[in-house]
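Consider the two complexes below, in which chain A is the common component and chain B and chain C are the respective partners.
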Partner chain A sequence: MTSFFTGKVSFVLKLVVVLLLSSVLVTLTQSAFAQKEYFIAGFLAITILLLVLTYLTKISIPLKFFLPGILLLIAFVLSPILFTVTMSSYNYKTGNIISKSEAIEQIKNRGFESDADGTSFDIKIGRYDNQEAILVSDSINGAYFISTENNRIPLIAQDLTVNEYGVAESAPDFQTLSDAEMANADEIYSLKRFKYQDEYFIALEGFEVGIVSRQVLAFDEVNDQFKNIISGEIYTDNGRGNFAIEGSPDQYLEPGWRAPIWFENYTKLFTEERLRAPLVSVFIWTITFASLSVLTTFALGLLLALALNKPIRGRRVYRSILILPYAMPSIMSILIWGGMFNTEFGAINNLLGTDIAWFQSPTFAKFAIILVNLWLGFPYFYLISSGALQAIPSELLEAASIDGANPRQIFRQITLPLLLQILSPLLIASFAFNFNNFNLIYLLTGGGPRAELDGELAGATDILISFTYKIAFGSSVQDLGLASAISLVIFVLVASISMYGLRKSKVLESFQ
Partner chain B sequence: MSIWLRTNAWRHAVIISVCLFSLFPLYLVVISSFNSTGSLRLDSFIPREISFANYKMLFNDPTIPYMTWVKNSLIVAGATAVLSVTIGSASAFAFSRLNFKGRKTGIQLLLLVQMFPAILAISAVYVIMERVYTFAPSIGLGTQAGLLLIYLGGAMGVNIWLLKGFVDSIPKELDEAAKIDGASAVQTYWLIFMPLAAPVLAVVALLSFIGTFNEFILARLFLVDMESRTVAVGLQQFIGGQYSENWGPFAAGSIIASVPIVIIFLSLQRYIVNGLTAGSVKG
Partner chain C sequence: MTKKRYSAVGFVAAVAIAVSGLFVPSANANNEIVVWADGDRGPNLVKVLAEKGDWVSGYKVTVKSFSNFDALKDAFDKATDASGPDIVMGANDWVPTGAKSGKLAPITLTASQKARFTSGQLFDLTYKGKLYGVPVDVNNVAMIYNTKLVTTAPKTFGEMVNYYKANKTSKGLKAGLCVAGGGMSWGAHSIFSALGADAYQFDARGKIVYDRSFNGTTFGKNVRTFLLDGKKSNGFLPASDAGCKDNFLDGTVPFAIIGNWEWKDYVAKGFTMNLMPVPGVNANKPGKMFGSVSGALLTTFAAKHGVEAGAKSLLTNFFGSTDGQVRYQKIEGRPPAEKGAALDATVSAAQRGFGSAASLSSIPQIGAFLNNNAGGANYWDSAPAYWTAVLVDGKDAVVEGNKLAAIWRANTTAGKSDL
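Moving on to the complex of A and B:
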């Protein structure tokens, strides 16, 4: 058995595994490099190097043990954290998602306008002289021509097949596209400009209509600015990811790009009233929700632990029933409770004989959330409180009883303080967990009720994390930069809470 | 009688009322799953009909790939559980038992990293996986393989930390003896540590399985295809729509998905409770 770990068989096996894994990673590195994802490619390259060095040489034994774990941590925890930090310093939101060079390209492509009459033609797309071309039918003037990027070739109507509407279907030397080519045609043709006359060109709208247009916006590479050729307006880089007219910041060109704005996402949290007001109320509710959750679940759990602390008939059955809510996959339970609170079809109104729209009123919605979380969470505190109750030395309680203390006094002055001391790290951990209890809020109320029409950003039951999620993946505007900034603020808060809890549980002292 | 009342009656009153509280939603789901009208309404405590229509629908309706969802969940959660415990326990062993430069700093960093709620980096993970998709569509956004990698990485900090606690509790004398007998670190790990830790590792794997099974938001964001969804996402979509009050099939679906987990949980509760007091909070 021992020889298995040193023998030749195991070495060959190891070699095969490492080489297989490396070859997969090499392929990935190459394609990442080809896509210009240099960070990812670099990380993968280092991974390969480390894998080969660690498992095929004897460079370090500890590394053999923790390399896979550490690599995963770096790839999916540390780098997302660092990436979050980076994103939080960028203007990175809907309208400012792409890079600057891509934005310039898109502005150029979009920066044209149709001529004064709004002239448009029926067209067919195809190829001529090995270039992308369009077959244009100018039905008003009865003229036909083929237009490529730089040439316009007039045609004679007799040479063409013209349909009943006077639109040319085909022309000599003009090849129409095959179905396979048609499938990819949109990307190629929609960006092309086809020659018309003077500064005017034909741009496509769909595959059958061409619009006579001229370029309005011209990019000046030297000064890094766009100029409106007609009006003479100049759009300069405003340093925040847009080309805008100096002095009137609201007039900017779409799209923008992601640009560093340093601490603005953070300062915005405090200075912008539109953001500050919901943040304050969300923060207050987050704290209230987390505290109430810990309090209610702990109180009920402890009460049960006390009630079941004596041998009682059927204790095992009770115990199993009581931890059922904890054993159920919580996601299912939350959805079920959601259904029970339904106004018309739900069992709660049904049972109470009421007609309450639970999730339409902030107060009822908050009550529902606390109740559901109580159901989900009390078994946990029941389990750990009954464990902790057994850990309290019985001599202590007996001594107090001999000294004449009544049960209530014993509980108040001995049991409870001791319990709180034993359980405080877990109470703090539970607070930190509920602080980010996204599933509950998102699945039960969705953060609502929310007066969306009034432009409210946060709902009445949104906690910080669900609010952040809305900002990052909301339906109208997705602001990844701002969401990242809030995420980091939450991390600092939660980490401080957890650190405090750990210090209480003295874990930090056990470091050798 | 009055003494009994004072000392024991309150216990029974508390226990029975909380038991009712805890059973009520579960009872409701069970009777709704056998009710063909499809709402979570309680018309009477005793079900008026026992219909298997909802269950049949899950298995026969081609627009609801329920079995595929279950299979997806089992694959993703199972693979996450096995791999994260395998990889995590090796790292935990190194941090607990082996001496190397930077070990202490490593542990402190680990402590900090495992505090970072994975959900906070969700936008970063999303953007990164979107980019990965451009060059490796098989592990990028929208794939189960990609989701598995994220789960593995995201839980690694907590797992290593938790497992390190367990490894610390195994007496050092055992592996010191093995060392004196000439065993290498690798041998000590496989021959001494693994057999001792196996039950604990099984519990951690189980907790990780349940945690992954319950994970909703990443799965929701990542798995867009109907066919690639997990049970949690699939069932939520089922009742999430504005006009779809498909509570009957939902109830049946959540019962099928939950029963095995509840049974495993109840039968292993003693071990799980020990794991809980070590500081893990179920997600």
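Moving on to the complex of A and C:
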């Protein structure tokens, strides 16, 4: 049997698996490269190399076990963190998404205007005098001409083949392109500006129509600035991802590009009143929500675990029922609870005989959130508390009882401290989870209620992560840089609180 | 490493490259125009293009469908040079963000091409003076009344309120007027408008009139008169759209604002078309209904794929033409935006009904306008909060009306330059 894992068969099997994996990864590498995602392409290429060297050679035996974990850690943990850190120092929002070179290209392409009359002509695409040219029909004035990049050649109507709509189909020395030729030359003709008069040119708007336009914005590569040829205004790089008029920051050209602004997204959190005020209240509610969630779910779970720790009739049935909320997908539970809290036809108001607008009042909405989270979370603590209770040596409890301790003293002095020592890491993990419990907030209240008419940015039940989501994706303007900065602040907060909790509970010491 | 192992490594590398070569995803092929659409529009476009495929000779048009509109938007937001479409079937409010972010490219229409659409429809797809696509579908709402309850069309808002008050108990009415389509912002715009708060008005030349659109005080006083009993709601207008459609279909609400996209559900329940604007405070001054467009939008990827001219031709020859829209909307079933198609005898009565309702008395969303967050909030997102504040929370109708007016003003000031 051992020979099966070490012999030729195993090598062939290994070869096949590595071959399949490599094929998939090479495909992904090529795809990433084609999409100009060079970082991803590079990472995938290195991964292939490492896979082949590690599993088909004997360079390092331990690496054979660690490599998948290391690669996945880099791909799905470290890279997103690094990306978030980088983006938090950028002006990266709607309007500042692409690179600078792309932005310049697009400003150039958009930097034209049609003539005052919106003149347009029917055109035919072709070649004249070995150059790209268009055969133009000015049917209103009955005039025809051929236009190349630098010349405009007037034509006499009698020399042309003109169709029933007065559009010239052909002209002497003008070679009309076939459909296939036109399609192949799309890029060349689309970029061409054909001579009209003075500063005006004709640009293609499809293959049948030419529009008379003139260039308004010109790019000065040496000085890295745009100039409005008509008004003389100069747009310079404002260092924040836009070409803007100096002294008039609101007058800038679009699109912009993502540009580094270093710590501005972080300082904004404390200096901009619009962000600072909601951030403080959201932070307080996040801490309250996470603490109350842990406290209530742990308390109820423990209570039930203690109750069912004694041999009572139907204990198995009770236990099965108690873990049902845990077995049901939380998204469904939240949506059902949302319906039950509905003011007009929700089950809760019907049962209580009230007409409470649960999600319109900040207090009721917060109460509803804690209640729903209690429903979702107590089975987890019931299960782990039940297990932990089994782990407490019964001799300790018996000894305390013999020494005259009453059940309350036994629970407070022995059971609870021992339980807390065992469950501390899980309580801290639960706190960290609830700190970022986006699903519950988003699906139940959407962060509301929010006084939109008073210009409030955050709702009464928004926690930091749902507030971040609103900033990043909640409106037509998506500020991904700012959202990245808030995400990192959340990360630091959760990490600090968790570390503090773990140190206090001395859990880490038991692993040393 | 032994010779054998070197050979194995080399073998793996060679075969991996060879095998993967079979699966390399290609960028858009030359002479191929790629159109992205949602799960409803996409398959219908495929059918129409299969029926007649020579809208732009020399090109192959490929349609890629996404499961729904949100998935399409998400994919378009993440599209790259290699994967992005040349044309995307999107909503009007994609225009300002798409243009700002450099994903949409402008197109210039000739005077005759422009004349095929209303100025409002073109406004809808315009950002900073440039047009980014051609209007294809009209998405509009209009009021309908239940003829089993109300025999003649109401002439004033007060007439509807009086009917509700008089028949509330005897006919078991759950509300007088509710919003089934478009939500409490866009759907309810005709109520805002009927009571004196227009998001914007157009003059005879199709230009926006800024200075007489939103009067918070007049509007608030009308809300007090028609929708409140003291500080509490009189029950005529629910603050949310929840349950409206079912209640109207059940005959417990006499008037409802519905969207054209759900008309078939009303037909199935035996309703006939009596679409009308929400009557105003005074007769013959009805509220302006919301009517916006979805369009076929030109992307900057088209130029990068070398098919810009072809894509522009497809936009004007197919998406923006009478023939193209008639063929497409016959399958899609939405009111066509193009004037010739909207009047075409072969489109359905519902399409024509909603289409003419839209052209008679409607205002577009205009993505570039009132959709920005100038002043900390945007008008369209904030409007539903007015109904909650006044009809549920019992806040003062005039004070809240003026708050909404302030948001409107801040948005308007910022948005003017984006038109």
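The rule is short, and it goes like this: the second predicted complex is superposed on the first by the 361 of 512 C-alpha atoms of A that agree within 3 Å, B and C clash if a C-alpha of one lies under 4 Å from a C-alpha of the other, contacts with A are read in each partner's own complex, and residues count from 1 in each chain.
Note that a residue touches a chain if its C-beta (ideal position, glycine included) is under 8 Å from a C-beta of that chain, and two chains touch if they have at least 3 such contacts.
Quantities reported herein were computed from a predicted structural model and do not represent experimental measurements.
Peer 1: Examine A:310 and indicate which partner it touches, taking first as chain B and second as chain C; both and neither are also allowed.
Peer 2: A:310 contacts chain B only, not chain C.
Peer 1: Count the residues of chain A touched by chain B and by chain C, then name the partner with the higher count.
Peer 2: Counting residues of chain A touched by each partner, the higher count goes to B.
Peer 1: Look at A:46 in the shared chain and tell me whether it touches chain B only, chain C only, both, or neither; answer first, second, both or neither.
Peer 2: Touch status of A:46: no partner.
Peer 1: By the touch definition at the top of the document, which applies to A:13: first (chain B), second (chain C), both, or neither?
Peer 2: neither
Peer 1: If you stack the two complexes on chain A, which partner ends up touching A:325: first (chain B), second (chain C), both, or neither?
Peer 2: Only chain B is touched by A:325; chain C is not.
Peer 1: A:387 contacts which: chain B (first), chain C (second), both, neither?
Peer 2: The answer is first: A:387 touches chain B but not chain C.
Peer 1: Report for A:277: first if it touches chain B alone, second if chain C alone, otherwise both or neither.
Peer 2: A:277: touches no partner chain.
Peer 1: Identify the partner contact of A:218: answer first if only chain B is touched, second if only chain C is, both if each is, neither if none is.
Peer 2: Touch partners of A:218: none, neither chain B nor chain C.
Peer 1: Of the two partner chains, chain B (first) and chain C (second), which one does A:78 touch, if any: first, second, both, or neither?
Peer 2: first
Peer 1: Taking the superposition on A as described, I'd like to know which of chain B and chain C A:342 touches: first, second, both or neither.
Peer 2: Both: A:342 reaches chain B and chain C.
Peer 1: Once the two structures are superposed, pull the chain A residues common to the chain B and chain C interfaces.
Peer 2: Shared contact residues on chain A (touching chain B in one complex, chain C in the other): 31, 34-35, 37, 342, 345.
Peer 1: Name, in rising order, each residue of chain C that touches chain A in their complex.
Peer 2: 1, 5, 8-9, 11-13, 15-17, 19-20, 23-25, 27, 30-31, 56-59, 80-83, 93, 96-97, 99-102, 105-111, 113, 128, 130, 242-243, 300, 303, 306-310, 312-313, 315-317, 367, 371-373, 375-378, 381-382, 385-386, 388-389, 392-393, 400, 403-404, 407
Peer 1: Report the residues of chain A in contact with chain C in the complex, numbered from low to high.
Peer 2: 11, 15, 18-19, 22-27, 30-31, 34-37, 48, 52-53, 56-58, 94-95, 97-98, 102-103, 106, 109-110, 114, 118, 120, 178-184, 186-187, 189-190, 204-209, 211, 213, 254-256, 274, 342-345, 357, 360, 449-455, 457, 475-478
Peer 1: For chain A, which residues count as touching chain B in their complex?
Peer 2: Checking each residue of chain A against chain B gives 1-2, 5-6, 28, 31-32, 34-35, 37, 40, 60-66, 68-70, 72-73, 75-81, 83-84, 87, 300, 303-304, 307-308, 310, 312, 318, 320-333, 335-340, 342, 345-347, 350-351, 375, 378-380, 383-384, 387, 425-426, 429-430, 433, 436, 438-439, 442-443, 465, 468-469, 472-473, 480, 483-484, 487-488, 490-491, 494-495, 498-499, 502, 505, 510-512.
Peer 1: What residues on chain B touch chain A, complex-wise?
Peer 2: Residues in contact with chain A: 8, 10-12, 14-15, 18-19, 21-23, 25-26, 28-29, 39-43, 87-88, 90-91, 93-95, 98-100, 103-104, 107-108, 111-113, 115-128, 131-132, 134-136, 149-150, 152-154, 156-157, 160, 168, 183-187, 189-191, 210, 213-214, 216-217, 221, 232, 235-236, 239, 245, 247, 250-251, 254, 257-258, 261-262, 265-266, 269, 273, 276-277, 279, 281-283.
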